[in-house]
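In this document, chain identifiers A, B and C correspond to the written order of the chains, with residue numbering beginning at 1 in each.
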Amino acid sequence: MSLIKEAPATAEPALSEIAVSVRNISKNYGAVEALKDLTLEFPRGQLTSLLGPSGCGKTTLLKIIAGLLEPTSGEVEVNGKPVTGPGPNRAFVFQDFALLPWATVMRNVAFGLELRSINKSKREDIAAKYIKEVGLGGFENSYPHELSGGMRQRVGLARALSVDAKVLLMDEPFSAVDEQTRRKFQEDLLGLVQNENKTFIFVTHSIEEAVYVSDQIAILLPRPSRVSEIIRPSGFRHKDHDQIRRDPEYLDIVDDIWASLRSYVE
Amino acid sequence: MANRSLYLKILSAVIIFGAWEIAGRIPVSYAFPTFLESMAALGNMALDGRLWEAYAETLRPLVVGVAISTVLGIGLGLWIGLSKFFDWLVSPIFIVMQSAPLAALIPLLVMAYGIGLTSKVFVVCIMAMPVIVLNTASAVRHTPESMKEMCKSFLGTRTDMLIKIIIPAASPLIFSGLRLGVSAGFIGAILAELKITPTGVGDIITFSRSIADYPSMYAAIFSIIVLAVLFLNLLERTEKTLFKGHDRGYVSD
Amino acid sequence: MKLFGYNLPGMSSLIIWGLLWELIGQLDVTFFVPPLSEVLATLFEIIGTPAFLKALGETGYAFVVGVFFAVFIGIPVGILMGRSRLLDELLLPWVNVFLSAPLTALVPVLMVLFGFGMKSIIITTTLFAIWIIILNSRAGVKQINRSLVEMAKSFGASPADAFFKIYFWAALPEILGGVRIGVIRAVKGVIIGQLLISIVGFGALFELYSSNFLMAHFWAVLIVLFALAFTIAEFLAYLERRVAYYAAKR
């Protein structure tokens, strides 16, 4: 049941350009079927959103790809290799930031590298670079409780970038910050996707957010969880960031998605 | 604002001590000395050294007992928090110990171990350990799930998980468990002295009572309470500064 | 904890410890630990005896009276402290002092002032329990959501209505929590009081049995005591859960 809506002149990605592939994934918790026979592909170097109402299994799917959860059946492949657990080719950004409250920003950002036993000066150099890149220069010795919510999530982002994984998995990363910060993050994310040569998989329940940042949107519906549509907005992807939200195609896609998801909220 | 708070604290101290003084003068009872009399006795004991000798005696089982309880207690607590089997096996014992009046075991300990340092240390230990063990275990079990997932996602080993995530995250609760343990240990130490053999401060209390030297008795009691309160306050402040910014929750009082 | 796929109930490891006790007793490892079976037999023997019932009665009486005072003095004081800043600032330091102080040290004072009998024990019990009850009642009142207060005012609730329909229930979970902890402390207080004063209740029984080296009797009474304390604690926890279903995450 896959309707592929495309704007004109966009070809489907060739097979070697698929970074992550999910095939017939099912996940049961006892009698509850969280995911049923889900198949999806994530093109390399692009940002794919998993969008859907709560209970549709999008976070579960993300964690299965991350290797944090085991599927009841089905396979996940990242860059051609099957997934059996967490690995250096994937990095996760958490919804509630998951920072160490007793560690400085520097240590938090370098934590992924610390766990890979990279020596201190080397990992702090790498961390310093990403701390500046996410705009937290000057806060290296601050503690999480001294930072605002938006700044804390930047730490989480810098941490995920530092380990230089090919696939970045983001679990509703902007849902715990205020609206203005969220908009800024979305703009920054567009820049990040353009500059870094990574594949992004992004879970959100915000329709506008998904249409704004994504190269590909996979709409998931609950009970049973399934992919109902894959949308590939392309008309406005090259536009200036502040022009996007007024683009007619953007507005149309948002409205269409809301129309189809609406019945699942009422 | 800080001034008002200090003012009121001093005021309330004055009121209470003043009431004590007045009650002593009425007198409420032949056995109730005035505040000033008691303070004078306290000063005397401090000057002639009796007070310090007594505390050296009293604090010995307390310090030893607390040290043992800390090491054993945290160790057991960690084990219980990490191993479901060990939790099932051993937790019920500590749960029962926590709500039970452990003081009832003192006569037994005296029978078994006599009236020396050993039984006093035992008393301190049985009073202090349950709360330390249970707090530590609870802290370990309540390590935030997303932090553990984060560690896994960045390929942390099980040792990494224990040393870099679980123990630091559990530290505030462990520390507050220690504080409660010390408080219980104080009770144990005094109980031991009043009940087993009078030594140290307990001796001053019982002896003064027997010769009707009430000012000295009250002075000794006053000093112990002050010491305990000051020390525990110090621990609480240390806890607050050490763990600023952590999320905390308490498993027991 | 699962065994062969079945969930084992919470405290079931006590069965294993019981068996261990029996074993140690049968092997006669130490004079001080008779086999569990012997202890249980003695327990059933003495439960009906006048000496035991008297001890239970005396201890129970002191406990109930002590808790009664702790609750009916402690809760109002705590509530008043929660509502009056002046009172709070005057009394709170003392409540905190007595909360962390080793109250055992005060027992000799009580003995000297009130004699060696029931009165001292009751006061000891009350003293052990009251401070945490005060503190929790105060906390319960203080954490009543501002919005609830404003809501009551905006709908024109009378003070009595506001108290009985809103504030009381909003503060209740916290207060009950304090009472539960206070009761546990009261149990310790009543025992410590008896140990140090020792001519009434279980304290007297312990003295009697230990001086006569009646180990099985000693353990039997101890088990009864521990079981009672535990039952009371669990019962109060149950009550607290029943009430706390509406309490926000604390």
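Heads up, the rule we're going with is that a residue touches a chain if its C-beta (ideal position, glycine included) is under 8 Å from a C-beta of that chain, and two chains touch if they have at least 3 such contacts.
These figures come from a predicted structure and were not determined experimentally.
Asks: After subunit B is dropped from the contact network, which chains belong to the same connected group?
Replies: Taking subunit B away leaves these connected sets: A | C.
Asks: Quick one: point me to the chain whose Cα centre is farthest from that of subunit C.
Replies: A
Asks: Approximately how many whole Å separate the CA-defined centres of subunit B and subunit C?
Replies: 18
Asks: Which integer distance in Å separates the CA centroid of subunit A from that of subunit C?
Replies: Roughly 52 Å, centre to centre.
Asks: Centroid of subunit A to centroid of subunit B, CA atoms only: how many Å?
Replies: 49
Asks: Spell out the residues on subunit B that touch subunit A in their complex, using ranges where they run on.
Replies: That would be residues 144, 146-147, 149-157, 160, 164-165, 168, 171, 243-247 of subunit B.
Asks: List the residues on subunit B that touch subunit C in their complex, please.
Replies: 4-5, 8-9, 11-13, 15-16, 28-29, 31-32, 84-85, 87-93, 95-96, 98-108, 110-112, 183, 186-187, 189-191, 194-195, 205-206, 209, 214, 217-218, 221, 224-225, 228-229, 232-233, 252-253
Asks: Using the touch definition up top, name the residues of subunit A that touch subunit B in the complex.
Replies: 63, 66-68, 86-88, 90-92, 94-96, 98, 100-102, 111-112, 114-116, 143-146, 159, 163
Asks: Hey, which residues of subunit C end up touching subunit B in the complex?
Replies: 1, 8, 10-14, 16-17, 30, 32, 86, 89-91, 93-94, 96-97, 100-109, 111-113, 132, 181, 184-185, 187-188, 190-192, 195-196, 202, 206-207, 210, 213, 218, 222, 225-226, 229-230, 232-233
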